[in-house]
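Each of the next two complexes has chain A plus one more chain, namely chain B in the first and chain C in the second.
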Partner chain A sequence: MPESYNYNPYSSPSDAVKAELSEIDASIRAAAIFFVISAIGWLMLGTVFALLAAVKSHSPDFADAYEFLTFGRVRSAHLNAMALGWASNIIFAVGLWIMARLCRAPIQHKGILLIAGIFWNIGLTVGVFGILGGDMTSVEWLEIPRYATPLLAFSYTLIGVWGVIAFRFRKGDHVYVSQWYILAALFWFPWLYIVAQVMIIWFPVRGVVQSVTNWWFAHNVLGLWFTPMALATAYYLIPKVLGRPIYSYYLSVLGFWSLAIFYNWAGIHHLIGGPIPVWLISAGIVASVMMVIPVIVVGINHHMSILGMHKQVWRSPTLRFVVFGAISYTLVSLIGSSMALRTVNEITHFTHFTVGHAHHGVYAFFTMIMFGGVYYMMPRLLKCEWPSAGLIKLHFWGSAIGITIMVVALQVGGWIQGMEIKNAEIPFLEIVQNTIPWLKARSVSGIFLTAGHCAFALNFFWMLFAAGALRAKEGPTLFVNKEKENSLVL
Partner chain B sequence: MKNLPLLFCGIFFALAFSFVGLILTSHIQLGSLTQTTEALVPSDDDPTKMVVVEGDPLYPSKSVGLAQQGKLEYISLGCMYCHSQQIRRADFGADIDRGWGPRQSVARDYIMQDRVLLGTMRTGPDLTHLGGRYAGDAGRDWNHLHLYNPQIVSKGSTMPPFAFLYETHKIKNNVSKDALVFPPGSKYGPKEGYEVIPTRRAVALVEYLLSLKINYSLPEAIIPE
Partner chain C sequence: MISKSDDTNNSSSESLGSMERAVMQDEQVQDVHAQLMREKEEPVEGFSPVPIVLMFFFAALCFWGGVYLVEHSGGYRWDAYSPDFDPTADAPKPVEISLFDRGAKIYRNQCAQCHQASGNGVAGVYPPLVASSWVTGHPEVVARILINGLNGPMIVNGKSYNGNMPAFGPGGLGLKEKDIAGVITYIRQEWGNAAPEMSEQMIAEYSSKYNSRSTPWSSNELKQDLGPIPEAVPTDDNTLDAEETAEL
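This part shows the complex of A and B:
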């Protein structure tokens, strides 16, 4: 057996490898914990903004006296708190930790990471308060006012550079699939962000070229930043927890390159029917449909990797979240590809269907996988177990039920809304009235999601502050304890 | 994967490809669009070339003054997250059938705007041609009442009230000329002896809304008779 076998990313029985990983974990501990704490803080704040926006969307009189909480601002504060606060911080935590582990070298210059992380969160805090205070740009996904964005771009670039340095000083020859995704995303996002800032905010290009740039950027936040990081996490965790390799190396290669080539052309489907050249729209539609290739390929690869081990998947908190996310990836992407078709888009464009779709992608796929990542990472960083399996269960069901209600409500309601808007006989106010029950269902879904997030935060801080006391606990926190499982088998 | 130069090149060119294909190419195609007259005529020097009509007004015109300040309020309040500003062509959606605009909007309509607010949601109706639909003093009054509380003129709307853009004063001597005129018996009106006056921000915002209109043809988008 070649020596490199021992270093493959699935669980190794060798004590030497475990010791090496432990050393790497120790080197990145402070930075990773800082990022997780920031991420959870933003998740909770973003949840509050989300609840406010959800209730306001069907009850416009709710808290209507406060200008800073008007719908347009609070929904933008929600988006930025979640996309740049929760999602990006959790990527910095989980993604960089996976990168460090796969590079098999204790990280250098951890100070850079911490400084960049502190600046990132300061910039974001200034930015979100700026939005509420009335300085937002009204450019979708780039609402943060311009006095905060250079700080964000700077700290982001610092983190990207750190990632490349970590990669440069890796040990071993083999570069695992997760590393391709992470490396690519670390490189892509600052490019996208800086180009979009310059071309839309600082030196605005003429007319609708702004909109084209806007949607090239905004869709790629999902496509080239969240998606690769979530896929990298899934590719790392599935073999780790199940202790066997990914089904097919060649499917991984195909999935990665087809995503890299097609995803970044797809964003133009947000402008179908809009005042831009038709060839641009057609290019966007073709790319959106071609996304079926990476999605199916990754779907097959993940599915075959867990085949026959469903019991282990269900028992592991990590994999229960990750597999929920992986299945959602296939679903949301196929729905996304069909939404890009002109006949479908004519109905779904401009409706709540798109909002449902966005949450399907960012929450049911990305966020669920990252939750799984945190459940796997924290015990290894803190060397203690999660204090409560019950809270993890509450988190899983709160999130899973909540997001399912939200996606179904917004997509059914959005489809009806789209069909009605297309029929000019139906008065607009009647259509608005007809969306209200579905928007109320979204507020209900918010209660489930909030419960899940509270359970997550509670469990996390309990673990963080009581780490010493919990260290005595033996064995990992699973949903069914081993004795019970064995007795079931027997 | 062990071929790292290939990995790096691939990562770089994947995004460079779409950046060139979508962003730079559309900039080359659209970045040089200029204002034009409603119709074009053959040039005197070269009859195969179409040129603008000397002396005719140029469109689209640039939004100035109060309307431009109002646009900043529109941006700051996030109106575009529920209201689009784009009309799709006649056989694609019901934009024109609903009377949201007299013709489809085209790229040239936006060239004088320093921030383009196409929007992607129609929680509320499209506003491309709002100023054409609610014109003049009647349109101004309607928009002020609607902003103060949408329920006054659009019962059942889910648009939030923007009453914080208005001030309620005790009436001195005479009712001031800017005061909102509520429908008789409206429960949203001020108490007896008080009046509701728009702040400068509300005035600017309404002027911006009234300035939104497509009342001109372009050579590539003619308003049908």
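This part shows the complex of A and C:
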């Protein structure tokens, strides 16, 4: 330790910033912990729905005694529990926390944020039970019945506005790349959600415009809500943990604006072959391929930032998850761009390949980065360390192996399925039967993921309820031996 | 680890109040702060330039996007659904109006002032076209009149006329060949006239023969040096009719 080191927080500019950060952490603590608890609750519930749906897809007789457990309802309940329950709650927690920290602006009315968060989760509970009860709409990604959606939209406004307010009262001249992504996404999501609700559910537009709106919405939830939030988290955590700057400001700018310009068009590639004016589909295809630009740019920016520090990445629970997610972002996006090409899409459309792709994006990319965000954020909020490195390890390997099995199984199986569907010689029922081994592999992957999620939840609640006892622990929880731990400053 | 002895921060804590000093020295608070102090600085960005190769690659990608849109956008039509739709191949052909209808229109605009809509002309000046052998006879005669004009007296159906017929060929009012063919077809087939039509092909031949002539014809000249009457070329309609009849 250097001689001049002084832990009076007011003695140096950098320490003053840290004292400020502590104040900001305190301002968002209650709401963020509530959002993480809700997110983990939805993650576990969504996992149960996912397992049910996965097993039903190869063994249709499984748990078929109750109407609310039929495949159609359980699948949609899974989608909404994960997209709006797990993903959006964890975005509210991690995204708002990063935003407040980078703006160096404490959340002013934390009570309103907490109450709005409670209403978001009430609305979602009503919605998911509505789906299970048979009230779901027929529109994919918008299945939540209309009696729950206005509450969701309203409470979102009261949650998202705090990120915007933090930005308004930010300190410092430079706006960091994470702030761009979070600020933009806080506007993009309500725009998408409200336009889709109005044009499809409340005042339905005519004919194919509905399906255009539907896929514009569904794909943009991934690209303009999950993706920017996950990228913002990666952009914050990689330099934060490693203590070195992000490689290039110029690449950040190029990556942000190319995503903002192109992504919004991409969703229409879901309608290739449909009765949509062909120019609209072609524009969607071109935009999907253009997504190669932000993906390569972000990939290079992240890669160059961690270059030479792979050991630290591997040791840090946060970065191991974040880097897994960042690599997945490059992979899933390049696969996605090629899937938008007509020749490839003719094979992958209407097969399990697409399902594998969706999980590749939402899980291997988004969710893994957000796990990393939780592993970094929670010790700061609770002022204690993660109780068990073993459980974090179990979480990482459960998730990493599980999602790898799932993506490989569904994409290989889906490709074979697509080739067989194009071959008129093969009877349809035979094709369906040929998918069964791959679907069973997916159920196996579900067991790995469930194990990982249980380890995560266990570690989290252990930390939450035993925070006082864990407080005295010195040094961060890392993936290294005790004796080595002291040499590592993190 | 952070040393927790009081000596190290004595000097700086002099500026703080005693309460704050007491807080800062509290062991538990120090523990909590240790985590915060361990944190690295807030992230910043470096300013490494974008690799130039990347810019060329992205430019190529944008170029491909433009070409793809041009090739597969179906002319931005709302009713084009196939990616291979070629907006130029399927463009609606201009409606083909028959020579007779074309001629009727020209006649109303250019001829009816003198020869009248009824085709009966004006006594003594403008000869009638109805049942006139000048009109329904040898096609070359009427073509000569239209292309080069006609001056001086002429006898039609036993009555004498003396007027000025202007030239409608390139040396005169400059009607298109198609229009001349149309108007001749019209006057040869309207009002009970029943002569064969004047095809475009025929008028093209007469034009090449007479376009260079600069003076109008006189009625005497008209019937001299006539070529053979060309055989009527069967039109598409005729062949269709023939086929239909054959099938019947």
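Note that the second predicted complex is superposed on the first by the 468 of 490 C-alpha atoms of A that agree within 3 Å, B and C clash if a C-alpha of one lies under 4 Å from a C-alpha of the other, contacts with A are read in each partner's own complex, and residues count from 1 in each chain.
Everything that follows uses one rule, which is that a residue touches a chain if its C-beta (ideal position, glycine included) is under 8 Å from a C-beta of that chain, and two chains touch if they have at least 3 such contacts.
Just so we're clear, the structure is a prediction, and the values are computed from it rather than from any experiment.
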> Is this a clash or a fit when chain B and chain C both end up on chain A?
Replying inline: fit
>> One more residue to check, A:G111. First (chain B), second (chain C), both or neither?
In response: neither
> Looking at the overlay, does A:P150 come into contact with chain B only (first), chain C only (second), both, or neither?
Replying inline: neither
>> Once chain A of both complexes is superposed, is A:G390 in touch with chain B (first), chain C (second), both, or neither?
In response: neither
>> Going by the contact rule set out at the top, does A:P275 touch chain B (first), chain C (second), both, or neither?
In response: both
> Can A:A283 be said to touch chain B (first), chain C (second), both, or neither?
Replying inline: both
>> Let me test your reading of the model: by the given contact rule, A:R101 touches which partner, first (chain B), second (chain C), both or neither?
In response: second
> Where does A:P437 make contact in the superposed view: on chain B (first), on chain C (second), on both, or on neither?
Replying inline: neither
> Which of the two partners, first being chain B and second being chain C, lies in contact with A:L242: first, second, both, or neither?
Replying inline: second
> How many degrees apart are chain B and chain C as seen from chain A, counting from C-alpha centres and rounding to the nearest 10?
Replying inline: 50
> Can you give the closest approach of chain B to chain C, taken over C-alpha atoms and in whole Å, for the superposition?
Replying inline: 5
> Which chain A residues contact chain B in one complex and chain C in the other?
Replying inline: 174, 177, 275-277, 283, 342
>> Under the stated contact criterion, what part of chain B meets chain A in this complex?
In response: 1-2, 4, 7, 10-12, 14-15, 17-19, 21-23, 26-27, 29-31, 33, 74-82, 84, 86, 88-89, 92-94, 97-98, 104-111, 113-125, 150, 154-164
> So in the complex, which bits of chain C are touching chain A?
Replying inline: 1-3, 8-9, 12-13, 16, 24, 28, 30-51, 54, 57-58, 61-62, 64-65, 68-69, 72-83, 85
> Taking the complex as given, what residues does chain A use to touch chain C?
Replying inline: 1, 5-11, 14-15, 17-19, 21-22, 101-102, 174, 176-178, 235-236, 238-243, 245-252, 254, 275-279, 281-283, 285-286, 289-290, 292-293, 296-297, 300, 304, 342, 379-380, 383, 385, 471-472, 474-476, 489-490
> Within the complex, which stretch of chain A touches chain B?
Replying inline: 56-58, 60-61, 64-67, 70-73, 75-76, 134-140, 173-175, 177, 180, 183-184, 187-188, 191-192, 195, 199, 204-213, 216, 224, 253, 257, 260-261, 264-265, 267-268, 270-271, 273-277, 280, 283-284, 342, 346, 349-352, 354-355, 421-424, 428-429, 432-433, 435-436, 439
